[in-house]
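In the two complexes that follow, chain A is the common piece, with chain B as its partner first and chain C second.
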Partner chain A sequence: MSEDRNSTFLSWRSGLALSLLLVIFYLLPLFLADNWLNLITEMLIMALAGAALNLLLGDCGIISFGHAGFFAVGAYTFGLLLYYRLASFGAAFLLAIAGVILFSLIVGWFLIRLVEIYFSLLCLAFSQVVWVIVSVWYSVTGGDDGLNGIPIPGLLFSAGGSYYFVLTVVGVCLLLLFLIRESPFGYSLHAIRDNRKRSGFIGINQKLHIYIAIVISGLFCGIAGILLVVLLHAAFPGYASLTKSGDFLFVCLLGGMYHFSGPIVGSFLYILLHFIIHRYTEYWPIFLGTGLTVIAIFFRGGVVGFAMEKYQSYLFRGRTRNASADREPA
Partner chain B sequence: MFEVIIFQIVSGLSEGMVVFLCAMGMTLILGSLKVLNIAHGSIYMLGAYLGVMISNLLTGIPGHFYLGIVLSTILCALFGGLVEILVIRPIYKLNEIYQFVTTYGVTFIMMDVTKIIWGGAPQTVNQPAYLQGPVSLSGILLPKYNLALIIFGIAVFVAMHLFINRSRFGLIIRGVTVDRLVMSIFGTNVPQTYTLVFMIGCGLAGLGGAIIAPLSAVSPGIDFSVLVKAFIVIIVGGFGSLNGAFLASVIVGLTNACGILFAPKVALGFPFFIMLVVLIVRPWGLLGKPIRE
Partner chain C sequence: MLLQIENLHKKFGGISAINGVSFGVEKGELSSIIGPNGAGKSTLFNLLTGYLPKDSGKVIFKGEEISNLPPYEICKRKIGRSFQLVSLFQRLPVFDNIRIAILAGKGLMLDFFKPARKMVREETERLLESIGLASKALTSAADLAHGEQRRLELGIALANKPELLFLDEPCSGLTVEESNIMIELIRKLAAEQELTVLLVEHKMDMVFSISRKIRVLHEGRLIFEGGPQEVKSSEIVQKVYLGEER
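After this line comes the complex of A and B, so read on.
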C-alpha cells in the first residue's frame, strides 16, 4: 500500500484543507435553514457509523452484517435512560457508552472464534436479537412504535444546538478513529487484512487485535446511535434492522473502504442522494439497488478510491510508478 | 388442548417446508457457488406474485392453479439465470463483501420492480376446491392445504436428494463444489454448471413462493421476512447441506409454532435464539462440515 507515502506527501495540504473544512462546518448554521442543517447532522452521524464499521471492513478485512446492533444498543440505552428519567443527559451519555462497550465485549468474545462468512452471519444474528428485543418488549421499549419524545436538554433541542453537539462529538470521534488507524495497532490490523497467515508468523496476536477492533468499532457505532437519538428525540427498532447494517456497508463501499475518508464522503453522498431522489420519486430503492450493483461490479474503489487513482496518476504523470500499488489488496 | 397443539405443529411444519424450499435453493448456491445470495427472498416474492397472477389470469382452464405454480417456477429459474449471468458472474472470485453488496442491490431493485408491476395491495389466490377446508384425521380437524404442503415439501426434499446424490448432473454439482479447477480439467463447463445451479436454486425459491400464496396474501415485505428465516435455516442446518436445511426447517418451524402457542410475545425471537446458540456452540451448523482455519 502506498498510504504512508500519501500521508506524508499530503500532510500539510490535508492539514490545511481539514482546518478550513472545520471552520466552514462551524460557520454553516449561519447560512443554512434548519432542515438543511438537520440533513447535515444526519450525514455526520452516518459518517461516524460508517467510519466505525470501516475499522473492521476496510482496515481489518472482516465483514460485519450486523453493525446496526451496536448502533441500536447505544441509541436504546441512551434513550431509555433519558425516557424514564433515570439519569441526567451527561450521565446517560456516559452510561450508554459503557453499555455499548459491555455489549461489544460480550459479542466480540463470541465473534473472534469465527472466520469469514460465519463471522458476518453471527454479527447478523446478534443484531437481529437486539432487533427482536427492542421490537417485542412493548412495556419498556414501546415495541414497533419506538420511544418517542425523549427529553433532550433545551440547549440541544434546536437544529443549531444539536448540530454543534453532533459536529463536536463526531469530530472528536473521527480524530480518535484516525489516530487509531495510523497507530501501530492500526497497521497490525492492515497486516492481518493483507495476509492472515504471515501476520501470525510475525507474532501478531490476531484474535486479541480483532477483539479490540470489534470493541472500538462497536463503541463508535454506538456513539453514532446516541447522536441520532439526540437529533431525532426518538429511537425505533429500525435502528437495529438488517437494512440499517446494509446502509452502513453501502456508505463504506460508496466512498471507498480503503481510505479513511471513504465512509465520510460516502455518507455525505448517500444522504444527499437519498434526499434529492426522495423529493421526486418514491422509488428510492431502485436507485439504491442499481448504485450498489454498479459500484460492486465497476467501481470497487468507491468514489474516494477513484478520485485518488486519478489524482495520483496526475501527480505521478511521466514518472514510472508501480501501477498496482494503490489497488485493493488481494 | 391436544388438538390445538397438533394444529400448531401442522401449521408450523407447513410453513417450515416453504422456508425449506427457499433455504434449500440458497444453501445449494452457497455450497457450490460460494455466493451468499441475498436476493433469494426477492426471487421467492417474485415466484409468489407470478404464481398468483398466472393462476388468476388462467381462471377457467382446468388445473390453472398448478399451471401457475409450474410456470412461476420456470420463470423464476430463467430470471435467476439472467441475474447470474449479468451480475454474479463478474464477482465470483472477489471478496464476499462484493457478492453481498451486489445481491443486496438486486434485492432492492426487485423490491421496487415488483411494487411498480403489482402495486402495494396484497394479492390473493384460491387453492383448488378439493384442497380447501379441513380434513378429519382420527377426530382432529386439520387444514388440507397445510397437510398437502408438508407432503409436497418432503417429496421435493427426497427428489432433490436423489438428484444430487444419484444423478449424473448431481455428481457434477458435487464435484464443482469440491474443486472447480479439477472439474474444468475433466471437461466440465464450470460457468454453465454454475448458471444451472443458480437457476435450480432460484426455481426452488419461486416454487416456495408460489405454493405459499393461497395461505397468506402476497404483499411487499415478504422478501425480507423469508430471507431472514432462510438465513436461520441454512446457518442452523450447516452451509451447503441439504439434509441440514431440511432438519433445520423442521426445527425452526416447530419452535415457531410452539412459541406462538406458549409464549406469543417472544415467539418472534425463538428462531434467532436457536441460530445464536448454534453459531456459538457449533458454528458450522448441525449437519455441516467443520471449517478449517
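After this line comes the complex of A and C, so read on.
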C-alpha cells in the first residue's frame, strides 16, 4: 500500500542522519572554543523553547504571546531554590518542573475558556504578571538586577559541562515532544488546528486536549528556562519579557511551524544571525523586522518548509505527512 | 424508537427557529427532512448533535436524554453527522482525515507515545475503499475535487461506526451524475452497516428516490410526515414547498 512510503519519518536514512548529528554534537567540545560552545548551548535552549511553543502554534494553531511566562517561572523557581540554598541541584530541578506544571495548570484553566486573539492576549497578560513580580520584588528576586551568582555544581560550571548537560536534557525533551507530535494526541491537535468545529463531532474533547497541550508546552518551555539558568548562573526579568515571547514565536516562523525541525533550525539560525549582526551594529531589531517581513510575504513555510518544497523529491521518495501543509489551504 | 424528539424549541432572538418539533425515528429507517430555506433544518441538526443548546424539549437516543451533551459525547454514543458545507481537515492528507476520525471514534486520542501512523491502518484503508478514495490517500483534503470532498465528508461521518447518521445536504454542489453516485453510496452503506439515516436535502428527486419516510419542516414546525407518494399528493406540502419549486 502506498501509505507505507508515507512512513519515511524514521527510515534508515533519517535515522542515520540523526545518529550522525548526535555524534557530531557530542564531539563538538573537542573542537570549539568556550564562547562558541556557549553559543551552541544557547541555541539548544532556544530550540527547546521554540519546539515547546510550536506544539501549540504549528500543531494546534493556537498563538501564545506569553510563552516567556512559562520560561521565567521555570528559571526563577530553579534559580531561587538554588540561590537561597533551599534545595540541592537535582531537587531544585524537579521542584522547578513541578512549579511550571502547577503554573501551566492554573494558567491553562483560564486559557481554555478563550479562543483566538483573546487567548493570545491572556497568555501575554499572564507572562506580564510574572514579569512584574520578578522585576519589582527586589528583596527576593533582586528586581531588575536579576539573580546573579546562582550556585551551579562544579561539574556543570564549565562551558563544556553545561553544554553536555543541556545537550542531554534538550535531546531527551525533543525526543519526547517528537513522540507526542506523532502520537494520536498529536494528531488530535492537528485536527483541532485544521477544523475545530469538526474535531468535536468526530469525538475529540477539544478543551481537554488544548488544556493538556498547554501544560505540555508550558512544561518544556519551563525546562528551557531552567537550562538557561544552568548556562548563565543567573536569572533576569527579561526572561519573562514580551520580547522573549516574541523571540520564541519568531524562531518558529523562521524555521517553519509546520515541521517538527522548524523551530530547531529557526533557533540555530536566529542566534547565529543575532551573534554575527551584533558584531557590526547594535540595530539588530531592524534586521529582525526585515527578516520577519520577508518570511511573512515570501516564505510562509519558513526555512524548513521552503527546503522541503524545493528538495523533498531528492530527500524522500514519497510525500511526507505535511507535504502540502506549508501552503494556505484553499 | 431509536431516536425520540419531544417538543423541541429553539429561539434566536425573537425568531423561533424550531418551534415545538416532535417525532420519532425507527431503527434502520432511511428518512428525509425537507422544507424551504430557513425552515430550521440545519438548526434541528445542530440541536440534535449538540452544537447548539436547546431552549426546551427532549432528545432521547436509545432511552437516554442526549440534548445537553457536547458534540464529542454525542459522537461517543455512535451518532455521526456530515455538514452542508464540507468540513474537512484541510491541511491533512485524505488518509489522516479518516484515520483521525477512526482513532477519535474509538477513544484512542489520549495516547501520547504510540506512533499514530502505525495505528488503524487496515480500517482506514477499508473505509477509504468504500467511499472510493483509496487512490487519493496521500492527497491533501484541500486539493480534492468538490465531489471527492463530499465523499470524504461522508467518510469522516462514518468513521465512528455510527448507528444513527445525520446527513446535511450530502449532494449540495454536486452534478447530477455525482449526486447519483452519492445516493447509491449512501444506500449501499446504509444497507451494509444497518445504519439509520436522517437526511436533509434540497434535491427533490433524490429525496423521493431514497427515503421511505419524509418529514416536512416549515417555519420551525413539522407540518407533515409520510411516505413519498403521500407527500407528493399532500396539499399543504404543495402549498408551502413544492409549489414554490415549480
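Note that the second predicted complex is superposed on the first by the 304 of 330 C-alpha atoms of A that agree within 3 Å, B and C clash if a C-alpha of one lies under 4 Å from a C-alpha of the other, contacts with A are read in each partner's own complex, and residues count from 1 in each chain.
Operating definition for what follows: a contact is a pair of C-beta atoms (placed from the backbone, for glycine too) under 8 Å apart; a residue touches a chain by one contact, two chains touch by 3 or more.
Just so we're clear, the structure is a prediction, and the values are computed from it rather than from any experiment.
Novice: For A:Gly161, decide between first (touching chain B), second (touching chain C), both and neither.
Specialist: Once the two structures are laid over each other on A, A:Gly161 reaches no partner at all.
Novice: Based on the superposed arrangement, let me know which partner A:Phe65 touches: chain B (first), chain C (second), both, or neither?
Specialist: first
Novice: For A:Asn195, decide between first (touching chain B), second (touching chain C), both and neither.
Specialist: Second partner only, chain C.
Novice: Where does A:Asn205 make contact in the superposed view: on chain B (first), on chain C (second), on both, or on neither?
Specialist: second
Novice: Contacts for A:Leu242 in the overlay, against chain B (first) and chain C (second): which applies, first, second, both or neither?
Specialist: First partner only.
Novice: Kindly classify A:Phe110 by the partners it touches after superposition: chain B alone (first), chain C alone (second), both, or neither?
Specialist: It touches chain B, and chain C stays clear.
Novice: For A:Pro184, select first, second, both or neither according to whether it touches chain B, chain C, the two together, or no partner.
Specialist: Touch status of A:Pro184: second partner only.
Novice: Per the contact definition in the header, classify A:Leu253: touching chain B only (first), chain C only (second), both, or neither.
Specialist: In the superposed model, A:Leu253 contacts chain B only, not chain C.
Novice: Under the contact rule defined above, give the chain A residues that sit at the interface with chain B and also at the interface with chain C.
Specialist: Chain A residues touching both partners: none found.
Novice: Can you list the residues on chain B that touch chain A in the complex?
Specialist: Interface residues on chain B, with respect to chain A: 36, 87, 90-91, 94-102, 104-113, 115-116, 224, 228, 231, 235, 239, 265-266, 268-269, 272-273, 275-276, 279-280, 283-284, 291, 293.
Novice: Quick one: in the complex, what on chain A touches chain C?
Specialist: Answer in residue numbers: 1-3, 6-7, 9, 179-180, 182-188, 190-191, 193-195, 197-206, 209, 212, 258, 318-319, 321-325, 329-330.
Novice: Going by the contact rule set out above, which residues of chain C touch chain A in the complex?
Specialist: 49-51, 70-72, 75-76, 80-81, 83, 87-93, 95-96, 99-101, 103-105, 107-119, 121, 125, 137-138, 140-143, 156-157, 159-160
Novice: If we count contacts the way the header does, which residues on chain A are in touch with chain B in the complex?
Specialist: My answer: residues 57, 61, 63, 65, 110, 113-118, 120-122, 124-126, 128-129, 132-133, 135-136, 242-243, 246, 249-250, 253, 283, 285-286, 288-293, 295-297, 300.
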